Amino acid sequence: MFEVTVCDHMMVAHSLRGVVFGPAQALHGATYVVEAAFARDGLDDDGIVLDIGRASEALHAVLSDLTYRNLDEVEFLAGTNTTTEVLARAIADRLAGRIADGSLGVGSGDLARIRVTLRESPVAWASYERAP
Amino acid sequence: MFEVTVCDHMMVAHSLRGVVFGPAQALHGATYVVEAAFARDGLDDDGIVLDIGRASEALHAVLSDLTYRNLDEVEFLAGTNTTTEVLARAIADRLAGRIADGSLGVGSGDLARIRVTLRESPVAWASYERAP
Amino acid sequence: MFEVTVCDHMMVAHSLRGVVFGPAQALHGATYVVEAAFARDGLDDDGIVLDIGRASEALHAVLSDLTYRNLDEVEFLAGTNTTTEVLARAIADRLAGRIADGSLGVGSGDLARIRVTLRESPVAWASYERAP
Amino acid sequence: MFEVTVCDHMMVAHSLRGVVFGPAQALHGATYVVEAAFARDGLDDDGIVLDIGRASEALHAVLSDLTYRNLDEVEFLAGTNTTTEVLARAIADRLAGRIADGSLGVGSGDLARIRVTLRESPVAWASYERAP
Amino acid sequence: MFEVTVCDHMMVAHSLRGVVFGPAQALHGATYVVEAAFARDGLDDDGIVLDIGRASEALHAVLSDLTYRNLDEVEFLAGTNTTTEVLARAIADRLAGRIADGSLGVGSGDLARIRVTLRESPVAWASYERAP
Amino acid sequence: MFEVTVCDHMMVAHSLRGVVFGPAQALHGATYVVEAAFARDGLDDDGIVLDIGRASEALHAVLSDLTYRNLDEVEFLAGTNTTTEVLARAIADRLAGRIADGSLGVGSGDLARIRVTLRESPVAWASYERAP
């Protein structure tokens, strides 16, 4: 099994709903370092899992809808609690959509797994993995 | 599958028994950067794997029994060779105990996997994973 | 010359005023990894620049007034543009105040320099240094 | 499951064949930080997955055939496109060979998995995992 | 004194002339992680040392002339030994040129110092600092 | 001004004398990641500050006298409190001795500064700088 990972980051504000979040219920923010990993059983004729340039662009495009924003006001996240876990899933789902529409130049059927990791601080991070 | 990781560290002395360890048979020490990862198939009603604050506290409590000590004299490690692998398992087992007793606010049945990684230097680390 | 550095982090929301900031004029956020460095010509009788435990506590206390908040509403920052540079200075000034009031157990006259660095992403950081 | 990882690096020149590689079709180079991970269900009598010293030496020996070279002229890579994925597999295969010949002091049958990760920049890396 | 740093990277091939370089006399390569730091006594009216966006673009533009190339064939480096130190100076000099021509929106007279650091591996790096 | 840095690590046990050290008065240990930086106004005829290979060997040799040991029993440290600051100075002094005896192939008069940094955990480090 091969896996290729590309990395980018976003800087957002948000607040979390639920007493479990303590002080993070107030409006605050985070720099999320975001890693997107794409796994595949074999390699294509060029010897790669996928075009790393297109993967980087896809990740950057997905994060462009979020960075420098207050996530409490982002429409496609409305009604969700934007925890690190939920954001990891939202980003993975959007990347899966871009794979499905051909943007990454590799078919969903070629890949075995997508995993998105969000690092919110040096001491805490979360990831979500799904079929492509 | 979701996974949340929290990170802390401990500074300990110890010696290892066995010719395979060469100079590490002498009393020496290490800063272990310790990552504890908790995996879960879905999220709870707050949109999280578990309360990251309680997970951090649990990890810190487990490490508090070890840090600033000579592991050769720690009772619950007596009779073991405190390799990085063995320490990863000991810490994972103690975290599993804290999950079982309710300290983390999430049941053992809710989680799919615990993994503990100990980084002993920039060029060597070990991990242990188990059912919760 | 000796220098001791302690490190912590904070997670904040804020917005910046001025066209130069482009999209960062909108409310967004950041995880700032904060390093506080204390320089001294010689060492005290214990062989240290200062008590690293007290330095860590002082830095944590200073960051506690900022973390999990919207900096646009923090009173002592009112009227300032909370750029990374301005925040580095604000934190350094507050640490200098704590040195002056004896909280760190070392006198201002003993130290040669304070430097505070804020890392806002893997590709950008800023620092401010001043006399203690 | 236990896993032990050792880390080293190599500095190489190479060029890639295929329009998908864009500017990387020209002769350029990379520092690859290389992590080799060895997984095992249980521990041996010394409480380890394998001798970390021998694992480090084996990885260093494998990288010694590549570092400070132009990979376009390395015989055992002839006819391959030396992408990060292909290099990860080549290194993993060579490590598997060294396990099979007894160099690491642990049998192939004892291990559950080998995984080699090559970090080519702060924002891109690839890994390959196989049976030992 | 304030200092702002931006970071990028480049992937190059090159060879070094001189017996002191041992195996690095052969054509090989490196990923250089490049940090460019700009120091200034005070802040401008926006509360910044300089526009971090323009600084990042300037650094990226300077590195664009080098990345994915064989430095042995780069015209403006002809006749130099492209050691890490020499490359740090070349990049700093080019950044100083862009400050002088107004590309960064800050005058040479406003800045106190430029420092460029090139990290060639996890265990070796070099920097060069000069007046702007 | 140029500066070249090489990096290595050591794993030691020790105890500290003085109530200020709290739990660190007990025998414990640390992995110290050690950076040795050498500054020089200009470059030699090869375009370098010094031979990075010899600098790495010198640092490794100095650390070899300390790693895998209990510093409380190291003769040349007897009577000192082996704080991070004191260890940074001891290592810098030993490197200065090796420069003076010609081991690094560069004269003391050629260099402007030596600085040794010891990272004891992700959140604390200390450095010492001196004339060569």
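Chains: A, B, C, D, E and F, in written order; residue numbering restarts at 1 for each.
To be clear about the criterion, contacts are C-beta pairs under 8 Å (C-beta built on N, C-alpha and C of every residue); 3 or more make two chains touch, one makes a residue touch a chain.
None of these values were measured; they are calculated from a predicted model.
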Copy-to-copy rotation for chain C and chain F - C-alpha atoms, rounded to a multiple of 5°: 120
Farthest-lying chain, centroid of Cα atoms versus that of chain E: B
Same vs different contact residues, chain B with chain F, by half of numbers used: same
Whole-Å separation of chain centres (CA-atom averages), chain A against chain B: 27
Distance between chain centroids, defined by C-alpha means - chain A, chain F (Å): 41
Inter-centroid spacing, chain C versus chain B (mean Cα positions, whole Å): 31
For chain B, residues that touch 2 or more chains besides their own: 122-123
In the complex with chain E, residue positions of chain C that touch it: 17-18, 20-22, 80-86, 88-89, 122-130
List of chain F residues in touch with chain E within their complex: 1-8, 43, 46-49, 51-53, 56, 105
Contacting residues of chain F [partner chain B, same complex]: 9, 11-14, 23-24, 26-33, 67-70, 120-123
